[in-house]
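Next up, some structures in structure tokens.
In what comes next, subunit A is part of two complexes: it sits with subunit B in the first one and with subunit C in the second one.
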Partner chain A sequence: MKLQSVWRFVKDFEGGLRSRSTEYVEFELREMENIFSLLLVGSFIGIPSPPSNISIKLMPYVVREMYVMGRRAGDMDDISGEIFGLFAP
Partner chain B sequence: MDLRVIFVVGKGGVGKTTCAAAVAFSVSKDSNTLIVSLDPAHNLGDVFGTPLSGKAREIKENLWGLEVDMEAAIKDYLEKSSRKLKDMYGYLKAINIEGYLDTIRLSPGIEEYATLEAIEQIISEGQKKYEVIVFDTPPTGLTLRVLALPKVSLIWGERLVRLRKEILSKRLAIEKIQGEKKFVLEGREFKLSTREEKDEVMQELLSYMKEVGRVEELQTDAKRCMVMPVMNPDRLSLFETRRAFDTLEKLAMPIGAVVVNKFSGKEDEIEIITKAELELRKPIRKIPLLEREPVGMNAIEKFSSYLRVEEWLPQSRK
Partner chain C sequence: MSFPTTAVILIALAIYACVYLFYGRKVARDIVKIDPTRETPAHKLYDGVDYVPGRWPVVFGHHFASIAGAAPIVGPIVALAWGWLPCILWIWFGNAFIGAIHDFLALTASVRYDGKSIQWTSGEVMRPRVSFIFSIFVYITMILVVAAFANVVIGIFVGNGAVATASLLFIAIAVLIGYLIYQKKVNLVAMTVLGVALLAAAIIGSLQIPLAISRIPWLVILFFYIIIAASLPVTILLQPRDYLNAYILWFGLAIGGIAFIVVAAPMTWPAVTSFNAQVIGGLHSPFWPTVPLVIACGALSGFHAIVGSGTTSKMLDTEAHALRIGYGGMLTEGFLSTIVVVAMGAFGLQYMVSVGGFASTGAAAAAVSSGLGAWNVPKLAMFTGPYAMGLNQVFAIPITVGALFASLWVCCFALTTLDTTNRISRFAWVDILTRGVRSEAARKSSPFRFFTYKWVAAAIAAGLGIWLATSGGAFSALWAAFGGANQMLAALALMVSAVWVTNVLRAGKFRYAALIPAGFLWITVVAAGIWYIAVRAGGAPTLVIMGIMLALAFYLLYEVVVALKKGPKEAV
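Right after this comes the complex of A and B.
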């Protein structure tokens, strides 16, 4: 029983380390996914966009990227909070 | 079979349709030919004196014609895309996908995309059956934008592919440490692809670029494609043709003979033609102002003799 608890603790600790190690890459990835969506529908807000036919073709497959863009827009007022959160111990 | 494509371009009302019909008539003497009207205001059928529709119809031996219904093409094009979109985003109320599609329907430029799609489709389906396809195009402005689209699309495609590659490589790096990642949204599960060959976005992008690349390659191949500008012997017509030349040269599209239609022999018209010869540096084909409108097969046959197509059109490599 004790051994199991120790094992679980080690596993959780390892999981924590793993997710900590990819935090920055995940943040970068979210930014890229956000940019990708912004490019596709950017014509609505005046960002240079690819011809609409490319956007229309890709739209069905970028659900995740559109979701990230929506979240990103929601978090816009606390962008510095998110960045500083990355450096928190 | 080697397909050759001719785009007949020019200002509205200069006689593009009649010239396109005459070119198609000429080449159909020894090649299986399709003539396609892309002009939203069709009158190709009227020129041949036979009704045409959205389905290719035999006009005479070796010559087929069709008039693309642009309204229906746009509707088809948007419906195809919207079905997939609604399926994927139906539950994402916040994005208001219906509103997005309605806006696209009315957005400037949609006619150009639909026209390009129609051209791509006709070429890919037609190359098994025809040796020559003649496109009677809408007035210059729209046509030039359509012809520029493949190049613009390729530039954008390359940029998006580059960005997508970076996204996938970051996802792969995360997957290697944390294992396969899934994205769940309102009960629906999406696997996040990390490899190009399994990523639908990348595959869609690459296949689109391949399609568009084929059109661009054809457009710039002087052995397979030719643009035939049509103008009238007046100053405005010459200005527009000159501007069209600039754009076509930027797009590296081969230009055949320039047809000067409705030439009545007046002095100022001769002056315009001399200018056109000097500035455009292409063979000029003068077509006299005819007493009667060239309508019907016999008139088109006579009209086609002025064009001497065989002198400037690349010969088939059969």
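Right after this comes the complex of A and C.
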């Protein structure tokens, strides 16, 4: 049992070492999600694409994205801190 | 005094265990009042994207990979000119009472402020302009990082052409692996096996084809490399290389740790040389206050506050994990520096005899006591060579292969550092310009858009860094300037934490656990900065940068006094 937990710790720790590199990709993915969400709700903020009826039809499928976007908008005053944290040498 | 290496490592482990169990836990209990039932940002703001709780070993591994680079290896090498005993004592003291407290408080402050960075927190607990100063500090530090690490990389490349070949092959392997994973969607496990196998082949193969290029062409190549690497999408080079770096770090730590515990060789390096040994820029450098300029990340580091508050805090499952990740992470990095000191302490003199042309270890010891300039061996080889000797004694790995692996370890981390540093410089540059230029019309103007364009911003940072590398002074002087900037950043973060502990947490008499190290670090680094300028340790541009940092440090002290005078703030 103890050996198993030691092995699990080693595996998790090693996974953690690798996950730092994965975070760069996650960050880029998040940026792309932001762009997609902005495009989707474009007609509500003055970008004439896509038409409002399409946006409204798609909205139920992007509830999570809308929530994340709302929270990220609040985090924009700390965007430098997030980027410094991500790339800190 | 010939201590066996095993004794030094066991003493280190005992000290780390004691400070963690008694001091660290007390700080967590009495100052921060860690509450495992309080919701962390990862739960409170859970979104499956930015805020996700992780199992603590995963978060610990992630945090450690983010804070451990080449600096905890390079710093102790230079500092050993004072002798191994003062170096190791500073590493342990710095770890236990400054560095680990600094990392832990930055992490917990961020957790209490919903995962906001230490930079944001500084604006919250002090005044918004402190956050702006933070950006300036970060930018200056990054320029010095480019200069110092460019020198590290070029020093290794010129000293050992095989490392240059291996590093270039490593870049090609990383690009290939990234292409196969992201473009061709090849299985990740297969690509990992292929990447590690190619890496091993590159290490062996590069011994046959060493690159012989001198310093100046390497500087030019590095200038373009930094700009391109920092502007490429992360999936092309940065991410796959960092992924493979994790295996190098993991492997290097594991076999190095085992080798130097098992080898039980005597520490033959002089325990103490002189309080005023010739270290920084070839000048007689007083151990206090200049030691933090040399041993930076191994004892404490300002970057850790940025990492802890920028990413780690968003992954914490419970506040109870903050101590082992924040405080424990710093102690683990200190252990890495301890291994570096032990490797050099045990095998450094033998290595100097074998490659430095010294007749005996006694002659090499005399050279060590004469100062850094008399070592007659490339400084970074003083880690890679002795490290390889330790591996050779325990695992019978050929010394040339072991040394090449260790050099590649340092180089790959230094190259990744140059890449990420330049990315941060770009963002910090844009942040400073955006905050400095308030008018919307000016922000839309062509000059503003030109200077904030990513290639221009990257070129400015790379150009300044490489220019500093050529005109900023000797390697040890540039390294000390980088160390000073890093430690000043740590003093800044620790002061912000001290204000948070005093005004927000209202920790009473326990606030001194943060205030005293913050004050001590500030005084030490400022005194070292004044010494650096007074003796003209570096070139003119480095002296100017050091002067700017000192001015900012005094301004920061003023802000801290103002914040402390204002008194308590509402807790979050």
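FYI, the second predicted complex is superposed on the first by the 80 of 89 C-alpha atoms of A that agree within 3 Å, B and C clash if a C-alpha of one lies under 4 Å from a C-alpha of the other, contacts with A are read in each partner's own complex, and residues count from 1 in each chain.
Just so it is clear, a contact is a pair of C-beta atoms (placed from the backbone, for glycine too) under 8 Å apart; a residue touches a chain by one contact, two chains touch by 3 or more.
This structure is a prediction, so every number in the text was calculated from the model and none was measured.
Once chain A of one complex is fitted onto chain A of the other, the partner contacts of A:Pro60 are limited to subunit B, with no touch recorded for subunit C. In the superposition on chain A, contact of A:Arg72 is made with subunit C only, not with subunit B.
When the two complexes are overlaid on their common chain A, residue A:Ser80 makes contact with subunit C while staying clear of subunit B. Of the two partner chains, subunit B and subunit C are each touched by A:Val25. Of the two partner chains placed around the shared chain by superposition, neither subunit B nor subunit C is touched by A:Val6. In the overlay built on the shared chain, the residue A:Ile47 is in contact with neither subunit B nor subunit C. Put simply, subunit A uses residues 18-19, 21-22, 25-26, 28, 33, 64, 67 to touch subunit B in one complex and subunit C in the other. Of all residues in subunit C, only 45, 47-50, 54-67, 69, 71, 116-120, 135, 138, 142, 145, 149, 233-235, 238-243, 245-246, 249-250, 303, 306-311, 416-417, 420-421, 423-424, 427-428, 431 touch subunit A in the complex they form. Here subunit A touches subunit B in the complex through residues 18-19, 21-22, 25-26, 28-29, 32-33, 35-36, 39, 41, 43-44, 50-54, 56-64, 66-67, 70, going by the rule given at the top. Those residues of subunit A that touch subunit C in the shared complex are 8-9, 12-28, 30, 33, 64, 67-68, 71-72, 75, 77-78, 80-89.
By the touch criterion stated above, subunit B contacts subunit A in their complex at residues 78, 81, 84-85, 87-89, 92, 94-95, 100, 103-104, 107, 109-110, 113, 116-117, 149, 152-153, 156-157, 159-160, 163-164, 166-167, 170-171, 173-174, 177-178, 183, 185, 190, 192, 200-201, 204-205, 208.
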